[in-house]
Amino acid sequence: MNILFIGDLIGRAGRKVVSALLDSIKYEYGIDLVIANGENSAGGFGINEKIYKELRNKGIDIITTGNHIWDKKETANQLDEMEYLIRPANYPEGVPGAGFITVTVGDMEITVINLMGRVFMPLSDCPFRVFDEIYDKVSKTVVLVDFHAEATSEKNAFGLYVDGRAAAVIGTHTHVQTNDDRLLPKGTFYISDVGMCGALDSVIGMEKNAPINRFLTGIPSKFEVEKKGKMVFNAVVFYIDKDTKKVRDFKKIFKVIEG
Amino acid sequence: MNILFIGDLIGRAGRKVVSALLDSIKYEYGIDLVIANGENSAGGFGINEKIYKELRNKGIDIITTGNHIWDKKETANQLDEMEYLIRPANYPEGVPGAGFITVTVGDMEITVINLMGRVFMPLSDCPFRVFDEIYDKVSKTVVLVDFHAEATSEKNAFGLYVDGRAAAVIGTHTHVQTNDDRLLPKGTFYISDVGMCGALDSVIGMEKNAPINRFLTGIPSKFEVEKKGKMVFNAVVFYIDKDTKKVRDFKKIFKVIEG
Amino acid sequence: MNILFIGDLIGRAGRKVVSALLDSIKYEYGIDLVIANGENSAGGFGINEKIYKELRNKGIDIITTGNHIWDKKETANQLDEMEYLIRPANYPEGVPGAGFITVTVGDMEITVINLMGRVFMPLSDCPFRVFDEIYDKVSKTVVLVDFHAEATSEKNAFGLYVDGRAAAVIGTHTHVQTNDDRLLPKGTFYISDVGMCGALDSVIGMEKNAPINRFLTGIPSKFEVEKKGKMVFNAVVFYIDKDTKKVRDFKKIFKVIEG
Amino acid sequence: MNILFIGDLIGRAGRKVVSALLDSIKYEYGIDLVIANGENSAGGFGINEKIYKELRNKGIDIITTGNHIWDKKETANQLDEMEYLIRPANYPEGVPGAGFITVTVGDMEITVINLMGRVFMPLSDCPFRVFDEIYDKVSKTVVLVDFHAEATSEKNAFGLYVDGRAAAVIGTHTHVQTNDDRLLPKGTFYISDVGMCGALDSVIGMEKNAPINRFLTGIPSKFEVEKKGKMVFNAVVFYIDKDTKKVRDFKKIFKVIEG
């Protein structure tokens, strides 16, 4: 069972690079399931039904999100039409949408859990404890976690906390791929951040001048997705062993194409 | 001219892995200058004269730091004895210590500037503008920057802001090596974070149970450097062309040894 | 039933001003129950059994706390000896200590709940929902809340959220008394912050030079309780009507004595 | 010389309460100069030329602002038409607008400086040092400071830092009036926060349900100015002695009218 996890898709640029590369990567690695973080897929901020369907049509099976999930006003009302989209499970009780999803791929049951860190992030419930609660229900399936967080300390701590329980913990949110992909001591596949799909020479996917100006002046301005220049496709591919339900092989993908 | 930049050394574990690997790496790559971030080199928090001398004796030429520079009470009074140690240059005027240093290596003048980000970090002056001021004075030398910061947006923005002026921008502070090492459009060598030297299966170098417990309970407790298990040596090596004063070749190092 | 709620006691200065004024204030207002926030009562940081007993001997019946509750290492192990001390109830499950206490005063049952905000504060569970859970258990008693929080938006929102359920919401943590004491539309007595007991011309109770220097330089240093100069006693006194179980009269106290 | 300083005006509600009360308050106290913080005067977020003129027509002489100054896109281009509006002086060099203004009232020269704190606030330059620089230029005039900040520690520290130099330091930003108005040891009139003009039973001026819901769910939504219910007018009035150029008398105003 080969799984491809793609980092935060940044607006049109992110969708374009997926169009350009996904089919060939799926073919090359014999991918059985594609997961991608879509929290920035609509204009860099949020996601809606239209973009969701576009992503599904491109070959993405499950879409995770993060703190930007509610950026588009229409999203909350469209959740019923987005069956394979999940949002951080540690939003409080009563918040619409699902925080995890279990799918059957071949003869394997796979659960994808979306969680959000709390350090330097919006308010949410404890992701460690919410993992425990969900894990109790799905521990017989293969458990994959998109841990959407800022601080490396929280990401490291979460990985080690669920080590041996989750098959994989894939970090998202910083939009920069880390080089620490490995198996943790009890076998969980871990990477602090898988990175993004979008313009390479940008400020985490955005055209550079607006954010640079903001750092220089403190004056807010509209950030636009960078659509020119080199484009990066960031992902990890990993193989899950049928018998152990654990990751056996894994590989980071950092592919650059001309924009 | 080959330069080795080593990520944050985490206490005894970081110093040990440097002892084990530095000489052979210097030999292997023909290193002419060794820079390392030492803000966590004394018990995980700060640095002092004793540790500084130990690091210099191990073969580190220049020591940069960051937000942890003042963790040990004695540091401020020992600055005169630590000639090759710099602290973030964007601490306000009047703060002791130097924020950059120019050294002559062979026939090349090299300036190392230490700067600190402001997003999710302690208060400091604007690192973008402080770079401009220092650059005016040292623009004829080869300029290397240790940009010690948390947010990838600020790191990306800073790299693009100084692109073509600094020969290299090496990020530190997150203790996790990123996979985005590259030459920016105008030739600056850039990596968001070079990573650390310390225990691999840890919480950014610290024994995992105390930080995990803190995330679970909110109760603070003493964090200890993890001294057992696999140890990682994180660095980048890059070659500076004599004529262009720019980086021509570069390579991340992520070496693991048994603890 | 007259209740006196005293703001954060700042170390020796705070204890001293309580010694000087509490007895006469109790007499003047015919106080039946004294509550005080003690999170800074031991040297400005935390509380322990020794200080707890001193405060109880001075005539304080119930001691609430906040984010500084764990500053002294011994506190967690001494909780059994501090029967009338509570800590924020929205610390996660499993954390030692009680988050609320019900006492009988005359023929009235009074519950004091301690909660902590989350905006600009350490990680904790949602104080709004934790209030709901506790309120379900104690709604037949008179419910008083020490809402220990930084942001006025969160304090305002909490007050209006529990309006009509809690008899009183008294804010703490900023150490500055606010002038917005009033009855909310459904009858809850509310003040954003009751203030502190400690040195008036200080930085929230601390000697001014260390914090000013920190703002100027970014260099951390030890903060000491200010023990000289004018001392302020900040509190609110309110009368609870036996029949309605609501607050009928209330009054802020801002008394200054020579140090 | 009697000066009236009015706290943050919250949208239409704030303007309405000013219309209702300003003339009579000016008359009652014999006010010579009216200053108000207008950062929330346009729909709760920002200010523009239209609202500026409305406020001037109502009798406000000088308008200070804060972190919300740039919320309306048109503001930066309209600064030339808003001669008596200032923005925080510690925005970096090159940012449009003025950070202080000197006016002549009767035979007194009065400088109003606007500064913004940095704790829990957007990035800006050090307000302590920027005060020093401006003070050097205007020390012969009567210096008043609107210190727009969140943390009471930073407000206390700033007040004591400029004590004896500024005639008055009036805090803004939290929208809740504090009860600590007093003369500091060297004579500066100080209040941590003057409060706001807007709906009393609101979340710092906003209709309560949207912010309460956000605290409960983490889902962002549009905040609207509360326009119903009781309205509060928060201000301070102080008298400046001609000879000493210091504040001699002062008084908080907390006036409530039916909405």
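First chain written, first letter: the chains are A, B, C and D, and each begins at residue 1.
Note that a residue touches a chain if its C-beta (ideal position, glycine included) is under 8 Å from a C-beta of that chain, and two chains touch if they have at least 3 such contacts.
Here's who's who by UniProt: A, B, C, D = TIGR00282 family metallophosphoesterase.
Just so we're clear, the structure is a prediction, and the values are computed from it rather than from any experiment.
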item: Shortest contact path, chain A to chain C, counted in steps; value: 1
item: Turn needed to bring chain B onto chain C - CA fit, degrees, nearest 5; value: 180
item: Chain pair equivalent in interface to A-C, over half of contacts matched, among A-B, B-D or B-C; value: B-D
item: Inter-chain centre distance, chain B versus chain D - centres from mean C-alpha coordinates, in Å; value: 42
item: Between chain D and chain C, distance of the C-alpha-averaged centres to the nearest whole Å; value: 29
item: Residue list for chain B, restricted to those that touch at least two other chains; value: 92, 123, 126, 129, 215-216
item: Chain A partner contacts - residues on chain B that touch it in the complex; value: 120, 126, 128-129, 150-158, 160-161, 174-180, 182, 184-185, 192-193, 195, 200-204, 208, 211-212, 215-216, 229, 252, 254
item: Chain C-facing residues of chain A, complex; value: 92-93, 118-119, 123, 125-126, 129
item: Parts of chain A lying in touch with chain D, wherever the complex brings them together; value: 70-71, 76, 91-92, 94-95, 122-124, 215-220
